[in-house]
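Okay, got some structures for you below.
The same subunit A turns up in both complexes below, where it pairs with subunit B and then with subunit C.
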Partner chain A sequence: MKKINLNVNVEYLTRVEGHGNIVVNVKEGILEKCELQIVESPRFFEGMLRGRSIFEAQHITSRICGICSCGHTLASIQAAEDALDFTPSPQTIKLRKLLLHYEMLDSHILHIYLLVAPDLLGVKSFVPLIDTHGAVVRRALRMKKTCNDVCDILVGRHVHPISAIVGGFTKLPKEKELDEMLKYLKELRTDMDATIELAKTLVFPSFERDTEYVALVSDDSEYPLLSGDIGSTDGVRMNKKDYKKITNEFIVPHSSAKHTRLSRGSYAVGALARINLNFNKLHPKAKELATLLGFNNKVTNPYLNTAAQLVECVHCLEDSIKIIEELKTTGIDYSEEIVVGLNENKKIPVKAGSGVGAVEVPRGILFHHYEIDDKGIIKNANCIIPTGQNINNIECDMKKLVPEAIDKNKEEKDITLLLEMLVRAYDPCISCSAHFLDVKFVK
Partner chain B sequence: MKKPKVAFFDFACCEGCQLQVANLGEDLLDILDTIDVVEFREVMTEKWDQGYDVAVIEGSITNEHAIEKIKRIRERSKILIAYGSCATIGGVNGMKNDFELNEIEAHVYQENAKHFKTVPTMAVSQVVKVDYFVNGCPIYPPEFITVLKCALAGLPYHVPDNVVCVECKINENICMYDKGVTCLGPVTKAGCNSWCINNGNVCYGCRGMVSNPNENSAKDVLSKYNISLDLIKNKMNMYNKCRELNKNEKDKS
Partner chain C sequence: MLSKEIINLLQSIDNNTLIITLGNDFRSDDGVGCYIYNSIINEKLNFHLLNGGDRPENIIDDVINLKPSRVIIIDAANFSGKFGEIRIFSDDQINQVTYSTHSISPVIISKIIQTELNCPVFFLGIQAKNFSYGETLSKQIKKTADGVIEVLKSHILNHL
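== the complex of A and B ==
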């Protein structure tokens, strides 16, 4: 690396969920510091869950994050049902898959349009785009609204869903509502096609760093999001119960911060990881786009995570339409509607146990783990979120990116932007700091 | 006319309420036509260094840094709106106050706990003066728009102080107690259009307790359905634990 000095200090990185700082120090060509610091106010969710009923866990943990509240809901329910030995009905599973698709669509669209696109179009936020790219902003807000509307129909609302709970759904969509969701989703296809055309014109920074990608894997032909084993591009495969052997929290010698690693220095989760592992299982229409974008081979440019999200948008949209059409054919069994509350009417048998939920949420694989006593009271809770697993990998990317950028004679402000864009590409969700694996305290 | 300068800030929260604002969809553009959003970290890089006509605050106050920050924002703002349960009543973050601070910090962060010194969770109004409240977890978008309009027009807005049951009856829901489960509707502030019960779930009390709950009738309901007071209290504490801080203040004086 060239013998120069460089100081990058981005306080409160914008256009990410939650609060984080980027700090890079280069002294006479030596990289002294390269960190993504997390400064979110801790909220102690795992501590607060102790003593609450397992039937309240979904309601509470969905409040970890507004953007991923449906994802936390599904991971929480899965962990709770695993602890209770409760098997959900096939209809319930189908509706949960639909909910996860909606979550994926909503979150990815927000990230692609409102958080990433301003960088690629050279502006500070979507606000100036209202004047220069009015039609694009309107399309983005319209697409977001559609995702929101279908969520409203399915679970009452997107932010902190109401009807998806342990045991099933408290309200099942009427036939008319299935038609309505189908209509909205089919209309969304037009805007999705326009989004694909827009994406083809965007140029992402070029940067390569091979890493281990981790995502759910399975033996069947379905793109695994709601269930599966945990797999990696380095050939690891484990049952979800062994999630701690995947995350391997460890302490870095020069700081007390915890990182995660599996087969090598760091690993990545998220849309890029999922496509790197499960490209073949994408919906044909999504696969076609993925091939065009080069995802038929392992992609190691982290900036392309945003492109991978677009591929998943197409997949989730098409698969949602397929699921609703199937539900329309079979019809919905309304006798499955449940009333649980705190389970005062003992609808669901309770026993002591331990359960793990592992669900692919927009930013990667999310783990919830609860231990409950024979009355269903939570004794211990653990949530490991995707962003926590990505932090170590982001820092490894930064450590390769900075020297390369300096050698290409990039100016400080360009390097800063490249770093900001890198962190944003991972779509970090710092609010999910219920249990942040990598926490550095900034004095 | 010059557009009012409006800024959005978040403290300890899930950022779901600002997402509710983003979820207004194209209606958001109409709002943006009438105000000048000068800070909104989650979607904007732009920063503003002067006064705010309106500051919209999400999240509860949980450490010394936040106390200082909210005081500075208050000084710079003509009008301050607290929105969401975390900001208006402390919300789920308040459950932390059920534990000894040292114990819960050590439980989550072990040897790193010393870096995460916090104070008992407080609602924004427990630290600075709040001019408008938009209750709920998350906020109910139509109410947020009403409050914003009132704030910009200089009109007062009163959070409904009747119980959720009133709206629930209008929506013709079957009472959750008749279905065999407890519900906090009988003691919780209305204004959400009984959102959760309409969708087959119970009320969790996210809008806060009415100022004058009908305790006798609530007790009648509990005894009719043979429900213990502890169970209800524990449920109430999911969102409303921070109200005890006010009680302690009163005890001291």
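== the complex of A and C ==
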């Protein structure tokens, strides 16, 4: 690295959820500090779960995140059903997949348009685009509205779903509601096509760092989001119950979020990881786009996580349409509707046990783990959030990016922007990741 | 007690004015906009009224189709004022007051309205005390909201 001095101090990073700082110090060409500092307070959700019924856990953990509330709900339900040895019906699984697709679409659209596009179009926020790209802005908001609307129809509201519970759903969509969702989703195709055309014109920064990518994997032909083992591009494959052997959490002084590592110094989760591991299982239309964008081989440019999210948008949209059409063909079995929300009728036998949920949410794989007693009361809980798994990998990217940028004679402001864009590419949800509290007991 | 400036603004509304209320009624004082909406929606309104709740993007098309000549957005805010204090903000100011990646910023909504309709947008921010989970407004915030409701209701009665 060239023998220069560089001081980057971004406090706080904008267009990400929560508060994080980028701090880089280079002295005489030596990288002395290169950190993504997570400065938020822990939120103690695992503590809140202790002593609560397993049947209400999904409503509590949904509040971990306003964007991934459906993902947390589903991971929580999966962990609960695993602990109770309960197998949901095929219809329930289909509807849960639909819910996850809706959230994936909603979150990815928000990230692509509102958080990343300003960087790629050379402006500081989404607001100036209203003057320069009015039609694009209206399209983005229209797509967001569609995601809100279909989620409302399926689970009662667009954030913190009500009707998805342990065992199934308290309200199943009527025929008219299936038609309504189908209509909205088919209309969304036009805006999705326009988004794809726009994305083809965007130029992402060029940067490569090979890392280990981790996501759900399976032996069937379905793009795994809700079930499967945990796999990595380095050849690891484990049952979800062994999630701690995947995450290997550790703490660092500058972060209230724990770091993780697997086979190497760090690993990445999220859309790019999922496509790197499951490219062949994408919907044909999404696969076509992915091929066009170069995802048919392992992609190691983290900035392309945003492009990978667009591919997943196409996949989720098309698979949602397919699921609804299947449900319309088979018809909904309304006898499965659960009328008692907290298992008061003891329909699901309660026993002591331990269960793990592993669900692919927009930012990557999410783990929930509960231990319950014979009355279904949670004794211990553990939630490992995707952003927490990505932070170490982001720092490793930063440590490679900075010397390369210096050697390319980039100015400090350009390096700062590249670093900000790098962190944003991972779509971090910093508030959700904050997990660790350094307590000093004074005797 | 509402300032003269606020009362004048609320009393000057006409049948082509649109009031938009925003906020999350599960987050205590953040629900002040929804509280005002629910308190007047069943009146014989002589102005347009829409509730964007916590998803303002959902009402953009409705706003554009209404073609209002003036828009007033009412929402909870955090501007280090006294609890319940109500102020009129410009776009530049609300950018400093409230922003979240979890939802579309009111700045974006305001800017789109101005760009698409070329009409003035006033942002009425009520200083919140409590944004934690809950469905009840703090005493000071409710008092201000009731003041706004009273002015709007008397305006409706005066123009029947």
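In the analysis below, the second predicted complex is superposed on the first by the 421 of 443 C-alpha atoms of A that agree within 3 Å, B and C clash if a C-alpha of one lies under 4 Å from a C-alpha of the other, contacts with A are read in each partner's own complex, and residues count from 1 in each chain.
We take it that contacts are C-beta pairs under 8 Å (C-beta built on N, C-alpha and C of every residue); 3 or more make two chains touch, one makes a residue touch a chain.
Predicted model, so just to flag it, every value in this text is computed and none were measured.
Looking at the shared chain after the overlay, A:156 reaches subunit B, while subunit C stays out of its contact range. When the two structures are aligned on the shared chain, A:142 is found in touch with subunit B and with subunit C. Judged by the touch definition given at the top, the superposed model places A:114 against both subunit B and subunit C. Contacts of A:46 after superposition on the shared chain: subunit B is touched, whereas subunit C is not. Residue contacts after overlaying the shared chain place A:337 against subunit B, while subunit C stays out of touching range.
Once chain A of one complex is fitted onto chain A of the other, the partner contacts of A:131 are limited to subunit C, with no touch recorded for subunit B. Partner contacting the larger number of subunit A residues, of subunit B and subunit C: B. Of the two partner chains placed around the shared chain by superposition, subunit B and subunit C are both touched by A:63. The interface of subunit A with subunit B overlaps its interface with subunit C at residues 15-17, 63, 66-67, 110, 114-115, 126-127, 130, 137-138, 141-142, 144-145, 148, 158-159. Residues of subunit A that touch subunit B in their complex: 12, 14-18, 41-44, 46-48, 50-52, 56, 59-60, 63-67, 69, 110, 114-115, 118, 124-127, 130, 137-138, 141-142, 144-145, 148, 155-160, 162-163, 165, 169-171, 256-257, 337, 339-342, 344-345, 431, 435, 439, 441. Put simply, subunit A touches subunit C in their complex at residues 15-17, 63, 66-67, 110, 114-115, 126-127, 130-131, 134, 137-138, 141-142, 144-145, 148-149, 158-159.
Chain contact summary for the complex, subunit C toward subunit A: residues 54-55, 57-58, 60-61, 95, 100-105, 107-108, 111-112, 115-116, 133. Across the interface of their complex, subunit A is touched by residues 11-20, 22-26, 28-29, 32, 37, 40-46, 59, 62-63, 65-66, 91-93, 95-96, 98-99, 103-105, 107-109, 111-112, 115-116, 118, 137-138, 176, 179-183, 195-196, 198-202, 204, 227, 231, 235, 238 of subunit B.
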